[in-house]
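As written, the chains take the letters A, B, C and D, and residue 1 is the first residue of each chain.
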Amino acid sequence: MASIPSDHNARPAAPHENPVVASHFRSKAEQEDAGKMGMWLFLTTEVLLFGGFFCAYAVFRMLYPETFEGASAKFLDWRIGAINTVVLLLSSFTVAMSIRNAQLNQQWWLRINLIITIACAIFFLVTKLWLEYWPKIVEGKLPGTFFTYSGAMTDHDQIFLSIYWTATATHGLHVLIGVFLLTWLLVRAWKLHFGPKTYLALENVGLYWHVVDLIWIFLFPLLYLV
Amino acid sequence: MTHPSHPNMPGESNAHDHHEGPHISSVRTLVTVFVALLAFTAITVFTAKMTDLGDFGDIVLALGLASVKGTLVCLYFMHLRYDNVFYSFLFLSCLGALALFLGLTMLDINNRDNIDPIRSQHAVPVPLDIAGRARFDEAQRLGRDLYMANCAACHAVDARGIPGLGENLIGDSFVLRSSDAELVDFIIKGRTANDPLSETGVPMPPRGGNPNLTDEQIAQIVVYVRALQPKDAKPKP
Amino acid sequence: MRSLPKITARSATLGAIIALALPCAPAMADGVMRRMFFPARAAEYSGPSDSVSFFIFWTTAFFFVLLMGLMAIFVVKYRRRPGQAAPRSPSHNTPLELAWSGIPLILLGMMFFFGARLYIEMRTPPIDSTVINVTAQKWGWTWEYPGGEQSLESVTLANVSSPVFAVPVGKPVRLVMNSTDVIHSLYIPAFRDKVDVIPNRYTTYWFRAEKIGEYHLYCAEYCGDQHSQMMALIKVMSDADYQEWLAEQADTSAIPLVELGRKLSISAGCLACHSLDGRPGTGPSWKNIWGNTHVMTDGESVKVDENYIRESILEPNARIVAGYPAQMPTYQGRFSDRELRAFIAYIASLSDDGAEDAERMMEEDDAEQEASEADSPQASVPTTDF
Amino acid sequence: MSAAHDHHDHHPSYLAPKETLGKTIMSWVYTIDHKKIGVMYLCAVLFAFFLGGVLALGVRTHLWSPAETIVQIDPSTGEEREVQKERFFRDVTITRTVMRENEAGEKVRAQEERTFTSNNIYNRVFTLHGAVMVFLFIIPSVPAALGNFFLPLMIGAKDVAFPRLNLLSWYVYVFGSLMTLGALLGGGVETGWTFYTPYSTSTEFGQTTLVALAVFVLGFSSIFTGLNFIVTVHKMRAPGMGWFDMPLFVWAIYATSIIQVLATPVLGITVLLLAIERMFNIGIFDPAKGGDPILFQHFFWFYSHPAVYIMILPGFGIISEMITTHARKPIFGYRFVAFSSIAIAAISFLVWAHHMFTAMGELAAIIFSGLTMLVAIPTAIKVFAWVATLYKGSIALNTPMLYVLSFLFLFTIGGLTGPPLAVLSTDLHLHDTYFVVAHFHYVMMGGTVIAFIGGLHHWWPKMFGRMYNETFAKLGCLLVFVGFNLTFFTQFFLGSNGMPRRYATYVEEFQTLHQLSTIGSYILAIGLFVHLGVFVMSLLNGKKAVENPWGSLTMEWDTESPPIEHNFLHEPVATHGPYDYDQPIVPPRTKPGEWPLPDMPEGDDGANTKRGMF
């Protein structure tokens, strides 16, 4: 996608030195502002999408406080949640750093920070699947039809589990999408697509990644702690 | 291939707001924010696990700390502090929409039976709640007879259950943990055998299979069963 | 050029006509308007509810006439004429704009206030209300009167046999409602109220009937195939009639078994799904099924006999006839043993070759009735099926 | 790249065919031109409108007679007798093959019969009528078809901010529509378009899950369109065009887009949870498992009430454009009208639960009833402003203006029948009756659809460069107006007399009104077909349209009819307001100078946007 027309005999300019403005924009600034505003608008939709889970959580917590008070300790291990929180915070930090790297044209640091971010994201997913989801599947701590856990104490445990599974699975899906986006960024970083003038894609994916982190910041205490 | 912007355009100002170049975060700021986030996470975990502020207090504290963390992420990692103020406005308006959604929905669900002062008493009449201690003994006596006539066949005369038929009512955690009103409600509705929460695999017929049992009589049965339970058992008020 | 005073004069005339018409409104409202707009008023709060409606109606009608009148005048007066440009006129007028924001706000505030005040009344049942337990299910209503009586009377509404429910005139009645399956909504147009009936929750509908008569009851929340046939007839009767009616419903022992089954199948809403003419509905038709063999969804073949019918009523989803949805709610705890036998006898009697079986069951029942009457004259002590 | 653009011939219209048929088709399939996408949306939504209309006629025809063939028991004698009534939908028995275990425990194929009763078929038809009309037609109709075409033209931009996202939104829309059509063919849905739980989670023999997922997919299309428009309005206005120099259609689309972006995600999560509930019984909305069916209604209406304004706001915008142009008057109270759009968008998030007054708690009901009253204010401001705009105008009684007048008539009725539904005590009587049906058809069809058809006439010369037959168009308008009123005005009386909605059968006292309504629906359908004929004839041999046939002052008329591929030959500059009809002379809009137009073939146009944007 990023091949540069090379019918000129001069050295093809590195992509990050030669930003392209699409024909329907009046200027590069207009294009970049538009791109970023589009991303922010998309992020508002993400927040409201997860808002549905938060609303369901709040309502059922209000209806069945006895279930929700005990459920986190009964079904979830806060240590795994805490580790994952730290990992996500670290990845957020490295993404923020990588934007700085692009702004200062530190190409190697940019790549290293992106690699750390991707590693964190994959670590998060692996922990989630291997240490959290798999044991629960084995024990039958599943929502709805698949709920076979034998140690249930209150009527509404499975409501908690339904919210836990749908919310964390949706969040996990966003992390997975983030992994793909970050990998795409890494490939582009290797092709020198990012520099002080051209880091919009990096910034936008970064914003997305921060929102994924932000949602986890709220999911973690609600599901694992209180 | 591209064309430069028009420098003399009168309406340029609406196209973009920052000319002086983007803000570059310093390493120190980012590291400080990251460390602060870790610290707040540690505080959240610590307070939730080690202190007991009650259900409500725990939630308020945890959400308060999460909000602080979220604000830090927004302001510094997401650059809102230095960026176009319209983005902050956008983000806040979506949080506002979310707050409306959450707040008004909870307002409805929390208050749905409140305005009518007598309905909540009559919907599921529980003698313990409306008649107080005075009628307790009588209710227990009536409940015993009703229990023997309607429940003993499956739950045994001593209420300790019959394998393959009825659950043990004295030691069962479900019975112990449920409030009186919940138990009455449960008996009225019954439970089918294929309900995933059924522990016996045997259906509990609504109203114990006797349609003539009134809600009040069921409540009397509950009073009787409570009397059989160990003295230190504390069902929810 | 048209001068401004002329227009004002014309608007003033229009305004005067409307102003003159307004005082007549209440008088008209009670006559022609009410017949056009609303069904009979039968409950205490039907009248107040209509009054709020008419307040809204006349307010909105005023604005409608005003707007459409102005529009019509402008269109005629300022229609395009060749070679004549539009005269200049101001393109905004802040006081006017504020006025047409503010005045509607005040009127709307009044509407809201009247409506909310009446609403609180309509949702606060008096403490001395008679409580009737209402159960809704696909597709029928069951009213359980304070003494445990259930309606056995039925009428035909929209070609469907529907139950009749009696209520006393002048006394507050409170329906405590619950649904066994999906959301329904109890709606009696003559009472001007409807309340949703929600599974796993009790909702309340109260009224004080004022006028003796017969009124329709509908289900107003969409609930599936026979939603439109989930009707009933409310009979408002004098207290004496009401007590007599209750006594009639209470004593079923004199009703022959097949007849009892027929009555129950209407009042319990069975016929919403099970036709009597052989046409398949949501459930299999009852015509000629007695003694037949059904193929179940799991491939098993089952003969329709006493045990099978009993099981189908009490545990309907244990075995489903192939080709039908598992829709039927359980009737566990709803019928006495005799009532179950009544169903069986009635279904048997609907088959060409089931008449003998039905006869036999009726004879057995007669014998049993006699025996129990001899045994204890008051057989209304709660008994268990276990 | 700086080609000479002095000659129009070098810049063919966006409709001009390419060298070969294949290339022409490809130029549409891969297009990122907002005009082509707008036209493709137009075709798609008109198809949806046709489909929904046919389903509506089915509903109305079925309701011609009150009840079906049934065995009736005479209450006095206890005898059974048969009553015969012809109805439109009949019982249908289908045979299907199922896998079944035989006695030996092996799976074998077996034939199974299943009967769909006429009621059941009626339920499926009205459900799909609602779902198709709401999700496939009205929501995308004005914003995605007319908005896509005219929003960039009206603000003097070459395209929307994200052209590819725009094309993607069309494909997502088509995909969602195909899922809905697939559901229609695969057995249909019988839940009502509102999918209320627990009914929707417990029905069998239907494609509820598929339709829920289709709605999820369509939500993305809606979000993409809204997001695109917000950024376009913010960033791509012509030089000199401030916020209060924008046409009111742009304001309306902007307000609509805000709602689309903020409300649609909640619909997404709602239908997603519904689909998961149906697949895995997770119990969040299922009362049998401790879930709360009323919570579903909150979720659903938090989107679906604002969605009402997604439907009607763009219609308001069209009316503002048409009324100023054809009365040659500046809109009365521009700022009040512009802000009222934003106010409606904001208030729309506060009123959703007035759909649930019979189900919810009393305190919340009172609060929501009070908040609902607020919506009436900005709406009233608009209607007053439109009528005031006519004052001292020069009103041309052509088809667009006739549509404006019928809009004002119908929408005012629709709006004024809102208060009885927002006031608590009266709503208890009218909720879920035909009164509601009539009310929202007056708003959605009498409002949005009338504005949409009027707008099509208004902009038709610009979109396709052809005039239409004025006489037949007026005839169509008359038929639509008469048919519509006959269809739906009767329903107010049905409703206030206590006829509940979604009824396949009804008691006989309502028959006369139902039959009047059915007759009206056929007149309405004939009127719509007249319009279809007018449009087809116009495309085939309509008179060629000039650049600005109505003498309008908004920017989209400053280019050729139909517009060239890159909209404007010279860069447009906002030198005067959109409604300066009272100015004796308006300065020309074009600014001499460079206005780069790529002269490459349409299919390769993506090269220009290669890296930067979506």
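Note that a contact is a pair of C-beta atoms (placed from the backbone, for glycine too) under 8 Å apart; a residue touches a chain by one contact, two chains touch by 3 or more.
In this text the structure is predicted, and so the values were computed from the model without any measurement.
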Chain at maximum distance from subunit A, centres defined as averaged CA atoms: C
Most contacted chain pair (by C-beta pair count): C-D
Inter-chain centre distance, subunit C versus subunit D - centres from mean C-alpha coordinates, in Å: 33
Gap in Å, rounded to a whole number, between the CA centres of subunit B and subunit A: 27
Rounded Å distance between subunit B and subunit D, as computed from the means of their C-alpha atoms: 38
Interface hub residues of subunit B, defined as touching at least two other chains: 1-3, 6, 9, 15-16, 86, 93-94, 97, 101, 105, 109-110, 115-116, 196
Residues of subunit A engaged with two or more neighbouring chains: 20-21, 23, 26, 30, 33, 37, 41, 44, 48, 51, 55, 59, 63, 145, 155, 158
Residue numbers of subunit C (touch at least two other chains): 120, 123, 200
Those chain pairs that satisfy the touch definition: A-B, A-D, B-C, B-D, C-D
Subunit C-touching residues of subunit B, taken from the complex the two chains share: 115-116, 118-119, 122-124, 149-150, 153-154, 189-190, 192, 203, 205-213
Subunit C-facing residues of subunit D, complex: 66-75, 78, 80, 82-83, 85, 91, 93, 98, 100-103, 110, 112-115, 117, 119-120, 123, 190, 192, 196, 198-199, 202-205, 287-288, 290, 293-294, 327-336, 358-359, 362, 365-366, 369-370, 373, 376-377, 380-381, 383-385, 387-388, 390-397, 405, 408-409, 412-413, 416-417, 419-420, 422-429, 431-433, 493, 496-498, 500-508, 579, 581-582
Touching residues (chain side subunit D, partner subunit A) in the complex: 157-163, 165, 223, 227-228, 230-232, 234-236, 261-266, 268-270, 273, 276-277, 280-284, 289-292, 295, 298-299, 596, 598, 605, 608-614
Residues on subunit A engaged by subunit B in the complex (per definition of touch): 20-21, 23, 26-30, 32-33, 36-37, 40-41, 43-44, 47-48, 51, 54-55, 58-59, 61-63, 65-66, 69, 78, 82, 85-86, 89-90, 92-93, 95-97, 99-100, 103-104, 145, 147-148, 152-155, 158, 203, 206-207, 210-211, 213-214, 217-218, 220-222, 225-226
Contact footprint of subunit D on subunit C as seen in their complex: 36-39, 45, 48-49, 52-53, 56-57, 59-61, 63-64, 67-68, 70-71, 74-75, 78-81, 84-89, 91-93, 96-97, 100-101, 104-105, 108-109, 111-112, 114-116, 118-120, 122-123, 153-161, 181-183, 185, 187, 189-190, 192-196, 198-201, 216, 218-229, 231, 259, 262, 266, 275-277, 279-282, 297-299, 322-327
